[in-house]
Every structure is written in structure tokens, then in C-alpha cells.
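Consider the two complexes below, in which subunit A is the common component and subunit B and subunit C are the respective partners.
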Partner chain A sequence: MNKFGFTLSVPRVIDYDKNDRSVADLIAAKEPTFRLCIECGTCAATCTAGNFTDFSLREINVLLRRGENEAAAEKINRCMLCGKCILVCPRGVNTRNVLFIARETLSKTNGHERL
Partner chain B sequence: MNEPDKKRIWSEYQKEIADDHYFYVRSCIRQSFFPGSEQFFLHLIRDILGKDIYENPSHTTCTGIGYHTDIVPFQTIMTVVARHFALMKESGYKNIAISCVTSFGIYTEIIETWKHFPEELEKTREYLLKATGREFDIPENMAHTSDIVYKFRNEIASKAKFRLVNKKTGEPLKVVEHIGCHYSKMFPKYGVGGAEFPKVLSGMIEAWGGEVIDYPERRHCCGFGFRQYIVQANRGYSLSNSVKKFESMKPFKPDFIITNCPGCNMFMDKWQYTIREMEGRTYGENGLSIPVLTYEEVAGLVLGMNPWELGLQYHMVQPEPLLDKMGVEYSKSDKFITKDGKPLPAPEKLINV
Partner chain C sequence: MNSMVDVLVIGGGVAGMEAAGQLARSGYSVILAEKEPLTGGHLKNWYHLFPDRRDGNEVGEYLDNLVKNKNIEIRNNTCITGITGRKGKFTATASDGQVVEAEAVIVATGFDLFDSRRKEEYGYGIYPNVITSADLEKMFRNGSVKLADGGVPARIGFIHCVGSRDEKVGNLYCSKLCCITAVKQAMEVHEKISGVKTFCFYMDMRMGGAYYEEIYREAQEKYGVSFIRGKVSEVSQGYNGRLVIKAEDTLAGRPLRMELDMVVLMAGMEMSDAGEILAGKSSLRRGENRFFSTADNHTASNRSNMKGVFYAGTCTAPMNITESISHARAAVTEVVSYLREKKQRDE
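This part shows the complex of A and B:
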């Protein structure tokens, strides 16, 4: 609260044009099957971690593609890297590798800075 | 689409605006914040266009701000408005000219209510008769005063001494037009061009030589919103709305903003000061702010009126950069002086000085 007795409300609108998509681009360069994902959610449906927590690989994929890296970084460590999702993916995405690269990248940047 | 169908569809977006004999009702806010606007409107209609316009000194507030903040009940505001109509009847007029967009919205809402619920009209007649002994008629023609200036925009253009053109470059001035939500978003048929294609201000700008900017948040609310600013702690909502608009229009480098609503004008003017104080942000060129003018003030400038007689010095954002672009001459020493040479109070912390 400043001298006027009120403050500017920060808009909750997500401006995708201003988001940083460099993490998604890096994943796609290192693991090209990332581009094949159609966000069907089969990975999330079979996920053991997702059975007990609100972890969803589908959601992580969506967040990374939209450049909402901070939100992805917060959730990504819940994966146990068991690889069941690879077995069920109808598009043949190497989901474990996608997640592994994303986790490695986001741990360096903490989701905040550009690569 | 064939021609007759086109005509039929567009006819729904046209508005009939009376040609003469107006009963003028003033705005509460405008008389306080932009006193020159209403004065100039009367001068324009009476002396420049030679029309008949009358204002009754017994006219009061429409209580719209109280109504929109849930303080004044609907029955009360209907009776207050009925009293205005009674004053109009007693004065012998049938065409009402409303200066305020809030009042205009109130009048349209009430007239539509009476159309759909005739029993409310009968009740209001009874309330008014019991309270004041007066009787009233619903106006034959209802126009916002910006409608009237729009109607006579070409006559004004033909008498223009200045055009909305940058004198140095010869380029048309880039103008943001902002129309009050209550003008046509509630009842589109009462606005020129309806809610989808409001033409009332852009028509004036085009007629007077300017270029209208079409920016992404053009139809966004200014943030006035009554409840959003009445409670001090909520004013951040109001400010955030204005900031959203300013951020959106900034890349188009507007030379000025024209509004037809007192609330929009007040907030788009004064919030520029607030956001500058809070965050150090400005939205005009070279670190300046964008002047916000009423349509009467713009008409006055176009017709060569002295900017200080129009009351431009009482806006928070000062108009000098715009006046320089248009080539309007003004005296710095006469800025805060009355016609008979007495000093006027000079506001503090003005912007663009």
C-alpha cells in the first residue's frame, strides 16, 4: 500500500508472446520426439507418481510448450523416472528423456532466466 | 449481400438525432472537472450553429453514481428522472440533450424499463405526483450531447480554423477515441453505430482531419466502474483497467485521447498522474503523458477557441504539446487568469508542463 492507499493489481492474463520458450526449444533439439506429443494424457493416466500426487506429465508438456517454465520447474521433480509413460505413448515420444532434459535444464535456470 | 438487406441491417445501427430545440441536462462531474466543456457546448449550439437550447436551473443530479453504488434505489432514481422529464415538459421541450454518459445510461435504462414494465411507469407517475405535484412526458428524442456534436461535425469542419493535423509534418494527428460503456454497451440502439461500430467520436475525428487509432484494447472499459473507485482500497482495480488500455495504445504513439464520458475523461487523465507517481511510467512520446480531451474541447480547438477559455489548463495532463502540434497559439501568462485579469488557482503537480 503506498501513499495513495491502493496498489496496481497485477493482471492474471498470461501473455504467451512474452513467455520464454527456449527450454521447450532446447528439449525439442535434444529429443525431437517431444514435437510429436499431441497432449492426449495417456502418460498422465498411467503415471504412478500421478496416482498419488497431482503430478501430470501432460501438464508439464503443456507448460513447457507455453513457456511457463516456473510452474513446470515447481512440479517436475515429482517424477520417479520409472518410464511407464514411454510404454503407453501412442506417438512414440521418449517421455522419460523429455522429462530428464527438462529437469536438467530447469535446475540450471530454476525456471527464471533465459538459457 | 444485396443492397436492400444491407440497408435494413445498417438501419439498426443508425440513430435519429433531433435537429433543434434541445432541453439540456448537465453532468455533475463535468461541471467540476472540465467546466469549459459544457459552457462551450452551449456556445456552440446557440451562437455558432444558431440552434435553440434551454437548461432549467431546477435540474438536479440524476443520482446515477448513488444508484450504481447501491445507495439509491431504482424507484428513487426513476422518480428523480421523471422529475427531469417534468421540468422538460413544463419548459415546452421534447428533445432531451444529456451531457453525461452515466446519466444517458440511466435515462435509457429507465425508458426501456418503462417500455417493458408499464406498471413501473404508472408507479413512477404516482410517486412524482405525490412528491412534487408534477406530471411528465417521455422525451420524443433522446440524444447524448456527443451525438449532437457528431450530427453537426461537418458544419464544424466547414468553420474550422485548425485541423487535427500536425502543422510541422502535415501528417494527421493520431487519436485514441474512447467511448463510455454506458453510452451504447447497455442499449446499443441508443448509440450512433450501436455497441459494435460506435461512430460517434471516430466520425468527429475523421471529419476534422485526424486519424483514429485502432488498438487492441480500444473497447476496454477505462476502469471508472463506480464501485471500483468509491472504496479507496479497491481503486487498484480501476487503475489496472486504465493501465491495460494505456499499455495497449502506447505503441501507436497517440497524440491525444478524446472521450465522451466524464468518468472516462477524469480517470484516463488523472490515472496517468497516479501511475507516473507510483511506477514512474508514462505513455506519451518523449516521456510525456497523453492529453485527454472532451469532444467539446476538441471542437473548440478546431473552431479556434482560446484553450484557456475551454478550461484545458484544469486537466491533470497539460495540453501544450498538442497545442504546439496543431499550431494553436496560446499565452503562458494568461493560463490561470480570469477574463477580467484576476488570478485563478493553479493546480499543483501538473503533467506535461
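This part shows the complex of A and C:
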């Protein structure tokens, strides 16, 4: 009898060593300002998509940086590429380009054909 | 008017007064040039100081007494706009045509508070109940925190990093003091208005000073100040006249909207206009952050690129009062060594 039930739940840890962070590296190579995000959330505060759906560019950025690509891919199409976030980002992240490249890269990555 | 002294100190704020006072105590003749009608700088506008919340006037009195010295000639309303000369003798000119000659110069031109109107999205100068940290200090000094219509605010939000850490206004640096100021001011608001609710919107809580973290803790424990991690994107005014702020509650991962009666902008520190003018009419170098750049970050933070011209205080970087005083004293040590060595050479 399994007294602890560990097998019942999928671990929710971010497995940093197993995760594939090459998507983030590719984005940073094409749009170096991706590295400048400090997760302040100003973009998400002003984002129309984020006010109605479960979407935050800040969250996408951190998910990609940790290699949680699937979670990012699931949400990233909710962005309308309107560019409001560029106007407010205090770090000068070229947000729209980050999103654009992220979408492109994620759609080319195995297992994310749904994009 | 043409006068020759040992040291010209440019700027009569905390650092300049401290430097002038210490030099005078050691027997040097000093002209202290202040562009305003009175010395004291920004300290005059500050009610209570962190971390111990003593009255700013106490430090003001200490400085006033320090500069009451026969070796110091205070010249108010004197804005020094240029320095020329080389080691040995400097000639400084003021906007009104005065000329001062000195063997050494201490530049203590300080900082200006960021003009919050430049962050238009926060509505300073547009919505009457959006005020700055400096405006709130004035209210504290006058004894009450009131809305524009005389009412008592029930909810007050503090927005951190206004004009600092923001590429959009060209200031990448952190002003270092505004986090602790917000915490201090939130606590004082609670003391003035019973039952008020306060919220600090921050990106990072930078409590890097003696007893800062303890105050942060006290603000939570004793006053129930709420801290929300997210930079406010905009302030607007709702149909009912109350202010509405938008931020992302980044720790909850959801956008947050909140009505507030009053918004306080934690204005950052910038190179002062007086410093900018001086830099333009001398060969003094400035860093990327526009403050004066020192000869060596670690070992010569009082020296400039002009031998015989030294720096004291916030004209080189954001500093608190304790640091400004220490930096000014360090500048005095440099000046004294410089003048002694010069004298030996001349003899």
C-alpha cells in the first residue's frame, strides 16, 4: 500500500536541468532586449489581452527563461501584438518582437505543432 | 567683487555645509556659495528623517551652527556657473558676475528631484490628488494630510521608482532612498490618519541601509502597510472622482485595479540643473547617469578629473544624509592634504 501517494501527483517543480531553455536563448540571440526584463509587470498591467484572458507577457518571459516552453506556448497566442506594452516597459524590452520571435520559435519546436 | 580664499564650496546643502564647516574648523578660509536665498538644500523640505524619524530640523540646526564660523563667508543667491584655472588657482564665476578665486574647490551641487510631470501616465499636475513624496513631506510639516478638497484620504497608494530605473525617462539607475522614504511616509500617514489604508507598489524593496529592513518590518507589523509587487502602469480618475491605478500583481500573476483617494509618487534623484550648468562651463566629467564622475569609484570618490577640484555628496550619486555628511568629511581630508602638499611645493 502506498501510504504517501507520491505516484498520484505529477511533480510541479520546475525541473531546471531537464527543461529546454534553447528557445529562450534563440529569442535572446535575435532580440537581445529579452534579457533585460525584470518581471515588473508593467506590460501586463496595460495589456488588453491580459485583462480578459489568462495571459501576461511578464509570465511568458519567465516561463521561457525557465524552459517551461509548453506552458508558454499554451498562452502565447492570446497576445494581439498590439504593442501597448512597448510604450510602458521601463527596461526598454522590445516586447512585441520578443513575442513575435517566441511564437515563431515555439511553433518550430517539436511537440508544439498546435501553434 | 573679487575675493581670494583657500576653498570655494559650491552648493550650500547638507554636503556643502558639512564640508565648509569642517574646513573652517581646521582654520581654512571658505566661501560657501549657495544659489538659493538660504542654505540647507533639500533638507529644509523634509519633515522626519529615516531610519529614526527624527525631525529634519535637528540636522538642519547642527549644520547651521557648523557654518557659523568666522572663517566662512556664506554667499546666498550665488549660482556658480563656471570654473577655470588649474592646480594652484581657480577662478569661479557666478551668474550675477561675481568672481571668486580659490586655491581649491569643492563641488557640492547636489541633486534635483525628478520632475514627476515627465511621467505623464501618473497624472501629476493633472489630477489634484496625485502628489509627490516631497509634497507629502510638506503636508506632514503643516500638520495634516488632506485631499485637494479638504477631505481626509481613506486609501493612499505609494508608487515606487518614479523617474528612477526607467529607460523611458532616461534614468537607468536606482535612486536608493525612495523605497525607505515610501515605507517611512506610509507609517507616518497612519499616525496622522487613524484607520487609513496604505499600499506600496514596488518592483524591488531596496532596504540597503542601517535599520531600513527593521522599519519595513515595523510598517507591516505595527501599521499594516500592504506591499504589492508590480509597477503601476497608469493612474486615471474614475467617474466618482477617485483615482484608479492599474498594475499587475506579479506575485498573484493577475492584473490588479484599485481605487485610491491619494497617490504619492516616489520621485527619484537626478543630477541638479546647477551641476549641469557647471559641467557645461568647466571640464568636469560626467558619467552615463549624468552625475559627476569621480576619479575612482572606490579609492578616490571625492576627486574629479581636475586636480584641485573635489566632490562632496549627491552631485556624484544618490546618497542619504549620513552618507552625504561622510562623503563631505572625506572631501575635506582630500582638500587638506592637497593644500598642505601644495604649500610644501610652493615654499
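Criterion: the second predicted complex is superposed on the first by the 99 of 115 C-alpha atoms of A that agree within 3 Å, B and C clash if a C-alpha of one lies under 4 Å from a C-alpha of the other, contacts with A are read in each partner's own complex, and residues count from 1 in each chain.
One rule holds in what follows: contacts are C-beta pairs under 8 Å (C-beta built on N, C-alpha and C of every residue); 3 or more make two chains touch, one makes a residue touch a chain.
All values reported here derive from a predicted model rather than from experimental measurement.
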item: First, second, both or neither for A:E59, with subunit B first and subunit C second; value: second
item: Which of subunit B and subunit C A:S22 touches, first, second, both or neither; value: neither
item: Contacts of A:E39 with subunit B and subunit C, given as first, second, both or neither; value: second
item: Subunit A residues touched - subunit C or subunit B, whichever exceeds; value: C
item: Which of subunit B and subunit C A:T109 touches, first, second, both or neither; value: neither
item: Touched partner set for A:G92, first subunit B, second subunit C, both or neither; value: second
item: First (subunit B), second (subunit C), both or neither touched by A:G50; value: second
item: Set of subunit A residues, in rising order, touched by both subunit B and subunit C; value: none
item: For the subunit B and subunit A complex, residues of the former touching the latter; value: 232-237, 239-240, 243-244, 274-275, 277-279
item: Residues of subunit C that touch subunit A when the two form their complex; value: 121, 161, 165-168, 203-204, 229-234, 246-250, 253-256
item: Of subunit A, residues touching subunit B in the complex; value: 2-11
item: Interface residues, subunit A side, partner subunit C - complex; value: 38-47, 50-51, 56, 58-59, 88-92
